[in-house]
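Next up is a structure, given as structure tokens.
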Amino acid sequence: MAVPESTQAKKTRPHGHDGFPLKDLSRPYRLAAHGSARATRPVRVSDTVTIGGAAITMIAGPCSVESAEMIVDIANRVKSLGAVMLRGGAFKPRTSPYSFSGLGASALGFLETARAASALPVVTEVMSTEDVDLICEYADMLQVGARNMQNFALLRRLATIKKPILLKRGPSASVKEWLLAAEYLLSGGNTEVVLCERGIKTFETGMRNTFDLAAVALAKELSHLPVVADPSHGTGKQSLIGAVSRAAIAVGADGLIVEVHPCPERALSDGPQSLDIPQFEGVMRGLSAPLRPVLAAQA
Amino acid sequence: MAVPESTQAKKTRPHGHDGFPLKDLSRPYRLAAHGSARATRPVRVSDTVTIGGAAITMIAGPCSVESAEMIVDIANRVKSLGAVMLRGGAFKPRTSPYSFSGLGASALGFLETARAASALPVVTEVMSTEDVDLICEYADMLQVGARNMQNFALLRRLATIKKPILLKRGPSASVKEWLLAAEYLLSGGNTEVVLCERGIKTFETGMRNTFDLAAVALAKELSHLPVVADPSHGTGKQSLIGAVSRAAIAVGADGLIVEVHPCPERALSDGPQSLDIPQFEGVMRGLSAPLRPVLAAQA
Amino acid sequence: MAVPESTQAKKTRPHGHDGFPLKDLSRPYRLAAHGSARATRPVRVSDTVTIGGAAITMIAGPCSVESAEMIVDIANRVKSLGAVMLRGGAFKPRTSPYSFSGLGASALGFLETARAASALPVVTEVMSTEDVDLICEYADMLQVGARNMQNFALLRRLATIKKPILLKRGPSASVKEWLLAAEYLLSGGNTEVVLCERGIKTFETGMRNTFDLAAVALAKELSHLPVVADPSHGTGKQSLIGAVSRAAIAVGADGLIVEVHPCPERALSDGPQSLDIPQFEGVMRGLSAPLRPVLAAQA
Amino acid sequence: MAVPESTQAKKTRPHGHDGFPLKDLSRPYRLAAHGSARATRPVRVSDTVTIGGAAITMIAGPCSVESAEMIVDIANRVKSLGAVMLRGGAFKPRTSPYSFSGLGASALGFLETARAASALPVVTEVMSTEDVDLICEYADMLQVGARNMQNFALLRRLATIKKPILLKRGPSASVKEWLLAAEYLLSGGNTEVVLCERGIKTFETGMRNTFDLAAVALAKELSHLPVVADPSHGTGKQSLIGAVSRAAIAVGADGLIVEVHPCPERALSDGPQSLDIPQFEGVMRGLSAPLRPVLAAQA
């Protein structure tokens, strides 16, 4: 009975109750941490798209891919408004087994059609080690969802592929735990990792999550990995997405990933937080507006 | 390209932003919910052990299986003190990729030796769909860890096996989300599910987690599934385990799962929360002590 | 312009960002901490009632005092069922300025009537330094509500009175912060302090609060102060109060404070968490039932 | 025995367990809510300073006033760098009774000196109803600290004064509860209220608090009250203050309140989160830098 390498005993002594000293924020994730340059190291997704460079990368698309026509249409529309990358769920994690959980493999084909039509690279979620090879055939970037941030078997598998990973922060993961999840990918051999802040669970019920924008700044201070922000899950409210998207850029995010649906009220998932096309256009326009000036002190 | 059944579009409309109405606590998990009997339905683990019956089921053992000798020794000792089931980790989820993550498959062999020596049935964690078949050869019950509570691919796979499942509550899962995770197992065909409360993440840093004992009572009110409590992860402090174990029984838990190690300060994982053998003996003795009486009112 | 003594500069250097080192859990609250005896020091409320002795002290009564007849009636009924102390709000903190906030001073008169009729000592909340003298005329014990746990002006004033204090834990207060709030009372001269756990705010919305029973055990481990548990606010659900009350006793609480109303659905405040008289009788009966036995190991 | 008007029974039926229906976010705070204009109504602090107008109001100063020389020096320096208002604590809430709690009344005199020297209006915290009259003699604006957000006696007293109020959000207050605390001031007669977001308590320990910038956007969506953000308490880390200050402006805050100290490592309180003068200069300069551009889509 052979012991798989990934699970062999590493006789390292644990450094603390969660694996390292509370106070030492720099060494536990030695590969995710800044090197001497202390600069963000950009991640290349395709010939046209890099995340972590001089400009903000805008990723947009529906929560779920619902049909070929729908995803092609959205891809063309969001591209015309400034998005450079397409998101769309094929395999959807759902709290209830009775909820719509994505069209699965057929949605991957629809995404391929949309990519061909729009020339936008595609990011889609992978929920299971079994699906990795299949999704790699279709996607330019694979997303690890918030609920899988500490699915270590999945992380170890994704560490061996040649595609960049978008690693969402878990709903109760500290920044330290998030960087250590990234460290699973980096130490396993996949250096092309982008972090994604999407809100954490707190006592506040006025929004779907508490969008932890300061954590974007903290992650960038501690790590060379690019960070993308997801205002759709971060707030769960269409009306706030413009404001928090601007804030995400101001705080240092390298990109935004936004849910857009031609008709949010008919969306099979995440309707209340999806923008329709005119709303997305408004959000995009707002991103280039100047910051409000500071009241001048009197002489 | 065939679409796997589990991921086919179910054209059910989502009922709300997480799949069902906030107020309706009884219908979303229709299989986990109480039937007309409103009684806990016991789960049989082995010829000798049932969880959810008239008496409390005590499960004990080390965080990690460290050697054959060690696990056989602990099995015999905890059995002599009243445990009826053995726990021990072979595949360990660890926040850091550099922490000891279990002996893996060889630990399963050691667990088999300990089961043969002690006649105690064994529960051990499964972290990945790939490991399910292997672990089923050795374990009497498979544990889904807190970080995998919403690993839906794993839940769907475990729904198809013939072994009972111990489903830990996620560190930021509501009771509703926990029962819906159980519903994945039940609706997929595995009716032998036991819930396990192990503490949630809150602002409190004086203990490892906030042990949510009221959630045990709430889960039992909402569901027919037995509930086990894990005071070791629930508090992370040896000194509190006796008190909170008694409280767990008082609140309605059907069993306890406790970390015991012959020498906690040398444990490869979870030392600070593991009991040594005399401490475990003390905790067991405390479980049968009567509750403190109520001050009599004067006439 | 004289500087009040309590606000004079104490040139003590702060020990950390919140006044003391994170790891030192024993010294910051030097008066609340255990002395050499490491035993709970009982607090005497009246000739008949002590909290922290050999038996559990049961405190019961309505959220708000609604009339003289109502409070006299409840006092007699809860006494006949085993309560030894009466609770009832005269001044009620309310989230909204438009909610019923108690009958105020007239309710104090009604409490006096009920005390005379039932011979039960009375605890009622004080919300403001201005009300301290007035409430001291009527109450045997003064309660500091959760939202005022860090109202330091109120704590400093209550440190100078000759009545015992019931200090509720704030909804986001760590055990350390709670004990430091008690330290304000102790260091100011009032040694008769009883702590009260009433639930904390977390992400869980299935109950009104997360009832932190392990914190009762932790507070008793760290301090000589008696601890009372409030299952009514702790869960906000009538149906759970029996179970969590038993758990509170099992975990080491010295008393319980329970909301009882002759007709909860007509209560002016806190109806959903108040017990009616038969329910309270059921809860009291349950407190003396033996703990469920542990499943015997086979030979 | 007269019943004070503020505590008389209002026979209004509570609308829910916290006084109003969960879903109705607009009506419970009818005065704080937007009127037909749906615009922020500016609050005038002095002849020179308004909060909520076309420009950002920058408030700066030390956590605690430590001497006359120190506060005069800081006032002049922060003014020269763009601050239009001075903050400084005279009465300081402290978790431990043994921590430095401010110089009290003498600090008010020092603040007056600094105001005269710099012509900056002053905001300082009021912790107790007893101190209201005294502080009103010296301050242009009174701050209600986070721990007093639901000190309803204090709110009711402050509702009767003629000075504007800076109302900090409690560490576990929802946006709804925050607006209802403001409603106490508004309904009591003081319409000059500014909200201040300063971070909430969550599981994250990498920063002092979780700075809830999306809540700034939500509060502005729900209410006409101006909102100021406090990045010093919001993060507790000097190195993040520049980034989160920009984000606060981008998300819609009307002002910033920042802790500045000539020598943070010698500060009597809040050193780790205070900026020194060059750091403050850097933060101010960053506020007018343009937002990073969005990556252009290819044709």
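Here are a few things to note about the model shown:
Just so it is clear, A, B, C and D label the chains in written order, and each chain counts residues from 1 on its own.
One rule holds for everything that comes next: a contact is a pair of C-beta atoms (placed from the backbone, for glycine too) under 8 Å apart; a residue touches a chain by one contact, two chains touch by 3 or more.
Remember, predicted model here, so these are calculated numbers, not experimental data.
Ranked by distance of CA centroids from subunit C, the top chain is A.
Centre-to-centre separation between subunit A and subunit B, using Cα means, comes to 31 Å. Centroids of subunit A and subunit C (each the mean of its C-alpha atoms) stand 45 Å apart. Within subunit C, residues 172, 201-203, 205 each touch two or more of the remaining chains.
The touch graph of the protein chains shown is complete. Those residues of subunit A that touch subunit D in the complex are listed here as 22, 25, 48-50, 53-58, 79-80, 82-84, 119, 172, 174-176, 200, 202-207, 210-215, 217-218, 221, 234-235, 237, 239-240, 243-244, 246-252, 284, 287-288, 290-298.
Within the complex, the subunit B residues that touch subunit D are 22, 172, 201-203, 205.
Residues of subunit C that touch subunit D in their complex: 1-4, 6-15, 17-20, 28-29, 90-91, 93-106, 109, 127-131, 147-148, 150-153, 170-172, 177, 180, 183-184, 187-188, 201, 208, 236, 268-273.
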